[in-house]
Amino acid sequence: MTGYTYTIFIILIPLVMFLVTGLLGMKWKPIVSGILGTIGMGIAWTLSLITAGSYFFGTHGAEGFQAIIPFEIKWLQFTETLIIKMGILLDPISVMMLVVVTTISFMVHIYSLGYMKGEGGFARFYSFLSLFTFAMLGLVIATNIFQMYIFWELVGVSSFLLIGFYYQKPSAVAAAKKAFIVTRFADLGFLIGILILSFVTGTFDFAKLTEPGTTIFASAASMSFMGISAMTWAMTLMFIGGAGKSAMFPLHIWLPDAMEGPTPVSALIHAATMVVAGVFLVARMFPVIHFQAPATQEIIAYVGGFTSLFAAVIAITQYDIKRILAFSTLSQLGYMMLSLGVSGYGGEEGLGYMASMFHLFTHAMFKALLFLGAGSIIHAVHSNLMQDMGGLRKYLPITHITFLIACLAISGIPPFAGFFSKDEILVAALEHNKLLFAVEYIVAGLTAFYMFRLYFGVFWGKDQHYHHTPHESPMTMAIPLMFLAFMSIFSGFLPFHNLITSDKMGFETHTDLMVAIPSVLIGVLGIAMAWILYKKESVVPAKMAKSWGILYTATYNKFYFDEIYLFVTRKIIFNYISRPIAWFDRHIIDAFMVGIGLVTEKVSYQIKGMQSGQLQHYAFAFVAGTLAIALSMIYLLM
Amino acid sequence: MNVLMFYLFSGIILIFSLLSITTRRILRAAVYLLFVLVATSGLYFMLKYQFMAAVQLTLYAGGIVVLIIFSILLTHHITHRFKHPNLTKLLMGIGATTVGIGLVITTILSHSFKAGTAPELPVDMTVIGNQLLSTGKNGYILPFELISILLLAAMIAAIVIAKKENNKNSEI
Amino acid sequence: MNILTLLVLIPVLTMIGVLFTKDYKGARLVSAIGMGVELIATVYLVLAYLAARKTGMMHEMLFTSDFIWYPSLNIHFAFGVDGIAVAMIGLTSIVIFAGIFASWELQFLTKEFFVSLILLVTAVYGFFISLDLFTMFLFYELALIPMYLLIGLWGTGPKEKSAMKLTLMLMAGSALIMVGILGLYYNSAPGGGPLTFNIIEISKINIPVAAQRFFFPFAFIGFGILGALFPFHTWSPDGHASAPTAVSMLHAGVLMKLGGYGCFRVAMFLMPQAAKEMAWIFIILTTISVVYGAFSAIWQNDLKFINAYSSVSHCGLVIFALLMMNQTAMDGAILQMISHGLMTALFFALIGMIYGRTHTRDIREMGGLMKVIPFLAVVYMIAGFASLGLPGLSGFVAEMTVFVGSFQHQDIFHRVVTVIVASSIVITAVYILKVVGMLLLGPLKDQHHAHLEDAKWYEKLSTVTLVLAVAAIGIAPLWLSDTIVASLKPIVTRLATVIPF
Amino acid sequence: MIQGIPLEHFLIVSTIMFFIGVCGFIIRRNLITMLMAIELILNSVNINFVVFNRYLYPDQLQGQFFSLFVVGIAAAEASVAIALIINIYRNMKNIEVENVNEMKY
């Protein structure tokens, strides 16, 4: 059991790298920090792979993959039972996430050596990357919900720092703020969810919470608030936290803006790792949600389904290539959430759970690839907009091929990775909810369409007037692309159904041809439409856009969600809550306090007049006072 | 006879004290005050405090009133007539007076005094002189000396206050 | 010699030493040395305290000593500390140490400034170690007087007015406290026998409930005014905005904690029944404090005002947690006091340093300072993150302990207010990020700021001390929390076992 | 002791005299007449002392001595008061009490 103590180094190396590059980085030549960070990450990656290898393919008992806690210390004690511990929990999903996070992070580290070359703040960039990796790893290996929350917040802040990396650009600062505040708002839900959960169960530990047949929820049945049971509240609030991080509708608004960060950051944080934290949270709490709060699971399924459709529709109309990818990420995250939402528990029933994790894995690979590819394109043409691109396949051969692979993978074309995972999700959806299945089916077609719209628009069509001939990226950028392309092709063949399941027992899956063939067909249909419309420069898309009129404009403007949020925050919260409160404080409460002083002063000024200097007034006051006292003593007191 | 004399003196006291505070000619006020003081000394005579009455006559009637008249002459023309008193003050004074008189008189009348039954002490100069300068029981040497110091102090003070100052600010 | 006497003696000696210096260089050097020694003495105290507890000394108070001072009223100089007082003393030492260095460049009446500042701090030490209500009150009053001078003489802006307002409001508070303390004194022997001011002795008897009901609001509101209890908080924005850097640090960092400390040590500990009865009123007030302070902060443009309102919000959380009256929440309250003390001191130090460079505190006139003064900007960001409760810094630990603690109550009322209070962390994030975004990030707004000098060594020393303390609590909170919890046990037990009314 | 005159009659006389003095002190404008009012007050009090002595404690002399001292103090007071009045007259050219309000507030 204790054979995994070395896993602590996976966590500690990025932390040390963060401190070293953060504190000393500015004194060195920038490249030193980069190389140091990359080497550190490489070690962590190797260790993760070793861990995964020995965990999944080493010996394990007949009862499936058991959770292992190789390391745990007490961090803070609240009550006798509520203790925050810091530890490492190894179970199938956390080990898988270790691999995903370290892989992508390592690739991004290598890639950034080329991409960020010559940028100011190179050392800062690497130290933030290390901080993020540390936080993300801490999140995935958390042994208890509070540790997860702690790293959850750290992930949020490192995301803030990285989005705002170009801190002199106002739009980047605004995007960073937005990302942080929106997720923070969602985290409030998470926190309250934790409070309720911990109060009901008296523990934070995942091990106790997810133990099959546990009795800690016995007291929960009697608790309810506003007609909804305590566990439903807790899980729904927690899901809000997860939805914030994973940018589920309606908390999705920060993700497209987050593309203001450097592209490698988008690949690491906003495509592959941090945004799946919400999915990971739901997966982590899956037994609790499934058994204790089935209503929440329904919500998760519908939110996931709606988000995937919503984002896919918006993606069709966008021109900024990173935003298209961002909306595509939203859509794919919706898939994962939906899959968890329709999943059952145990064996074949748990197909959705397995599919979700599978898709998480494959998506991480091909979406990171897409982003890094996009980074490579942007590196070449110095623009984010599709209008500025075209015919790039001649100039960027490696990027072109890898990008194509990723597009095929996300469109679910066999034998690329996306096909397998998406297929499993569709099967799971079909078994539980026909409506959601239909939605996902359409989304699959839309995905293929907008991805190939992007692909054709960028690599085909005619050349634009480039300032200088676009050139292929350096090897530091090409190697990660090739590696990820390799993963996008082959990761679909990993035997997930044996490794990562809801009850930790493997089961057999089979490709359901009744689902697979139509899904491939609609993917191909989407590609074909994109081919027709965007392969060559054509006026059809513009005409179509015009004919859709308002609908197109609304979609192009992301259904005005940003504006609504802006209205709510700027106008309502700032102007109608904060401002009156500030005014109230200065002009009512403070004025009241000052008023007390002023009244005292005024009154004393007034009664000062009684000291008129008129001797006879004093004499009268004296006599009258004496008489009054005498009178009262004689007639009142006696 | 005695009774009649008492009411005569009382009448003089009350009438002239009232006149002394209401007349509009200041010198007359002083003279009325003199009458009041003399009548009071008459009361003392009736009560057989001859020494007290003599002091009253010489010191009060003779000394203080003369002092007052001098100062009047220093500060006023003989023909000076006062303005009518301020109405507020008039009301204040009359109000306080009425209430006060009513209160005190009702209190006096509702209280029954027990007359002393001890034999009267003859008040001749020997007794007064002995008591005034004795240090034993019923001796008043300390207040007597204090009063003398006070009088000295008052005299000096009066001179200091009233004398002309040498600087320009106090020129008349 | 008793270590506690030493704690008061060192500042007094420092004050005398400062009086004999010739110029501002001498004054600041002597002050720095004195406060450095004080910090060492505090570290020694902490170690000695922990060691004593480890050897199993179970008394409520340690290092006690007792001199009769005024026999006819039974007033003593009674000293002693428990874990909470030790923690507060530690906070004070760190803040004043940083504060001395933050006012390193002050050259106007330097000697007098340092004497007043150290007098203030002496009073604060005296307050925390006192076990006698009267002596405690004496030190409390002693702390207010130099405050008036410090703000009125060395402040900025409408300093006289602010100083007057602050002093008068706090004096009003101390009048209420005095009523409360005298009430306790005259009820301290319900069965006859000598009256006493000693906290420990009073805590062993039960004050008659009627007296408690009458005197509890006096004592609690009195201390609450210093703890910025809504609606008696308005001295705080003005006072903090006008005060010089070191005074803002000390005031927001330590003096406001006197209020919270007094609230539970005097009002709640000695009058538990009344505390239980009336808690709900003050819980509502503090809930308003927390949310209201945070909302107010959003709309402010003056850096110090933002921080002052943020202090209102955070100090509201302290009293809120105290009123929850269970071990976890009260532990959180003490942690929050320390955490807020450190980070708000850090904030004010930084604001003072930024103001010293840009000569403005209006965030609309600044921008993009990250590029110009990276050290200060980074530290400001760390302070901001601590304030909005980032894990790894002290704010998170404190806030989470408070929330978990106050959520342990069974009834809906406590739950709902907890949720409302918890929502303040989002609002806090909004205003902190607003400031960080406007002040530090973005393009440089004012070209005059292009050549500002980054932190000097003494400024670095001042801020790094505070940052280290904030981070140390945030990363390893267990020992502090355990120390506090051990000392809270008698208080919580007493609160829990009072006869229900 | 005067046969046929009860103590109360003396007291009533002195009371009325006393309050006439008070009234005079309040309503008069002139400092000297105010001084006279004060003399009236003192005088009425003297009567009281003497009468109480004679009627209630005829075997002692405290009342008489007290009256004597009062007279002495009245003399001192009058002399200082008149010195003050003259000084005021020098400074203000009149002795209206309403003008003497320099030390108000």
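Per-chain numbering from 1; labels A, B, C and D assigned in written order.
Everything below uses one rule, namely that a residue touches a chain if its C-beta (ideal position, glycine included) is under 8 Å from a C-beta of that chain, and two chains touch if they have at least 3 such contacts.
Quick caveat, the model's predicted, so the values are computed rather than measured.
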| item | value |
| --- | --- |
| Closest chain to global C-alpha mean, per-chain Cα centroids | C |
| Chains most often in contact, by C-beta pairs | B-D |
| Distance between chain centroids, defined by C-alpha means - chain A, chain C (Å) | 37 |
| Intercentroid distance (Cα basis), chain D paired with chain B, Å | 5 |
| Distance between the centres, which are taken as Cα means, of chain B and chain A, whole angstrom | 102 |
| Distance between chain centroids, defined by C-alpha means - chain C, chain D (Å) | 65 |
| Numbers and ranges of chain A residues touching at least 2 other chains | 616, 620, 623 |
| Chain B residues counted as touching two or more neighbouring chains | 89, 92-93, 96, 100 |
| Chain C, residues touching no fewer than two other chains | none |
| Which chain pairs touch, all of them | A-B, A-C, A-D, B-D |
| Touching residues on chain B, where the partner in the complex is chain D | 2-3, 6, 10, 13-14, 17-18, 20-21, 26, 29-30, 33, 36-37, 40, 43-44, 46-49, 51-52, 55-56, 59-60, 63-64, 67-68, 70-72, 74-75, 82-83, 85-86, 89-90, 92-94, 96-97, 100-101, 104-105, 108-109, 113-116, 118-121, 123, 127-128, 131-132, 138, 140, 143, 147, 150-151, 153-155, 157-162, 164, 170, 172 |
| Parts of chain C lying in touch with chain A, wherever the complex brings them together | 165, 168-169, 231-235, 237-238, 292, 295-296, 298-300, 309, 327-328, 331, 368, 370-371, 385, 388-392, 396-397, 400-401, 403-405, 407-408, 412, 415, 418-419, 422-423, 425-426, 429-430, 433-434, 437, 440-444, 476-478, 481-482, 485 |
| Chain B residues touching chain A - in the complex, by the definition given at the top | 89, 92-93, 96, 99-100, 103, 107 |
| In the complex with chain A, residue positions of chain D that touch it | 22, 25-27, 34, 97-98, 100-105 |
| Complex contacts: residues of chain A adjacent to chain D | 608, 611-616, 619-620, 623 |
